[in-house]
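So that you can tell them apart, the chains are marked A, B, C and D in the order they are listed, and the count of residues begins at 1 in each.
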């Protein structure tokens, strides 16, 4: 359609050199051994909540990049509702980290947030060059999204305390690889200096 | 996330060698000269409604491939609601063609339904080889989606009476190109033989 | 590999806001009805030769985007050699338009120069925003490349006299669509003002 | 072009459910700390040479997926020649593993063999479902190629003794992740049973 072709942004869209990306935090955690991940993810979610609040204060776009979990007929809002049901293992995390008005969301069909999704285009529209990647699992969807972001030239910040994996070894080794191969900054979220990240290059 | 990685399908997903794709039918038609398109699209939408009913009777998957119209924070359901408001130019078409329970939907950020969307993966999961492309506009989003489908090896059916363009010339010439370059079948929708299309090759 | 990851450019690479793209000009023309295309392509190739010379004088990058014609084991240089053999229908065009030292080339496996090729990345490295698309056939590979370029935000110049199709109707209709849908400039090549295109925006 | 559109395969192309992929083995190794990688890669290359010979005996396609190292104007054959010059650090590996007539090659512009390359299409043409990934570095280009292959549904064999990284820790951790996250078979190359891999499913 003509109007679509122009790809005009929502008037509410502001550009920003940095964006905060939350990966698979709206998650029922219905898979084998999910308790191990939950144990790591619960404390992580508290710190990510604080980081998200800091990002909001600085008008940094918040982007939920979330699996569609093979449900091609549902949208993100119904997924959030599903995760907020009683008895859902991932409920406490979804409750704490559920999106607010004005947040962006991208549904991904596979591990990487870039694979078969419009994430790259949204980031181009927002003129974003630095991604703060958070969520779970560190060694799977966070890592694969980081790989794809690196190949596309994004600068990466992956705060070690705002992502979680099933095992500490998976978490640690992935962070090491992110530093070594992709020059990611993996320092703690409390040391992220939004004013510095937002300053003109 | 592990469970996401498996890309497990919804248990409700059935495979099908053919799928019906409705392009940009949920559309406020808020752009210059949209009345010209509406005039062509109104009678088209009646025929597409009948074709969709025939597809449903044959358990052919119905896939809405719809522009996000630059609204990165909304989902398809809120887009449908917006198009059903009074005074929206595209309302009669949206009213007639709005999706039902069990239909699939893919939001696309640009013209082609394949560009930066999971459409290709959904079709692989459904094991679909033949696409019936319908909707609007024939020479823009339908044509660009057809181009991408052809490069990916899909067989194309583009019933001339189930898509519409601003001008008859644009419509006709595009159909000719679809036939000549992509060997698309552009005969009328009433001649689509679902049983033949669904028969094992 | 580490060094590959950096994607360092060849020291000979200069950035340029505009690039000249030659599509499928190195072409044996071994397909049914190729004579019809050759008849249009021969005079076109003379004008494209002149346009290429003008581009060179202005240090505009010359990019050959050429089909691999299903030969996954050969490279562009052997393809050029093949097209320069006696008795090859496309020889006069290949002879006239064969690349020179310093020209870029991209082998494409299907119609669009962007589909499953590194063209987008090369253009990002060159910081190119405007593409002058030329070659053949206007309504197939030139058009599909233009579609993909438009969705990626490139400004398009498609000089009517530097591309060719089997029929004049296909050629004309495609140029009209390029103008109407993609705001392409389709004026004659002799009116391309490189100094204006190269001027800082 | 019409003939290109058909994507007809070379008559020499045979389909095969399994393919052997050699990643970045034609490599000058001109980067900091390359000696560490060379030390691991030299013995690896002997084993890979034997595996390649076994693949050839079973008519398994051999696919070189090699970085273009930022040289957008050269082709694979000139890259091979460059790596065979005296004083090139990677020469012994290139000498041992250089392609033969009938091998396929894909030039990749970044780490993953699938990113902006026609690899996926070549594998579809060859009807390949299982990839034996080899080469270097295990934790960079082999891993990122494996990630992309896994998201596309390929079954993975990554023989531990036919890939190499700068450090043993990087190598080992990556293999663990490949097993755990992507269910890759990482057993030694001598245990690869081509007849079993080639048997109809």
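Some observations on this one:
Simple rule for what comes next: a residue touches a chain if its C-beta (ideal position, glycine included) is under 8 Å from a C-beta of that chain, and two chains touch if they have at least 3 such contacts.
Owing to the predicted nature of the structure, the values given are computational and were not obtained by experimental measurement.
Interface comparison, A-B versus B-C: the higher count of C-beta contacts falls to A-B. Distance from chain B peaks, on a Cα-centroid basis, for D.
For the pair chain B and chain C, the distance between C-alpha centroids works out to 31 Å. Counting only residues that touch two or more partner chains, chain A has 5, 110-111, 140, 150, 181. Chain A makes touch with chain B in their complex at residues 1-10, 12-13, 24, 27, 30-33, 67-73, 75-77, 102-105, 107-111, 116-118, 120-122, 125, 136-137, 140-141. Across the interface of their complex, chain A is touched by residues 110-112, 115, 139-140, 144, 147-148, 150-151, 170, 173, 177, 180-181 of chain D.
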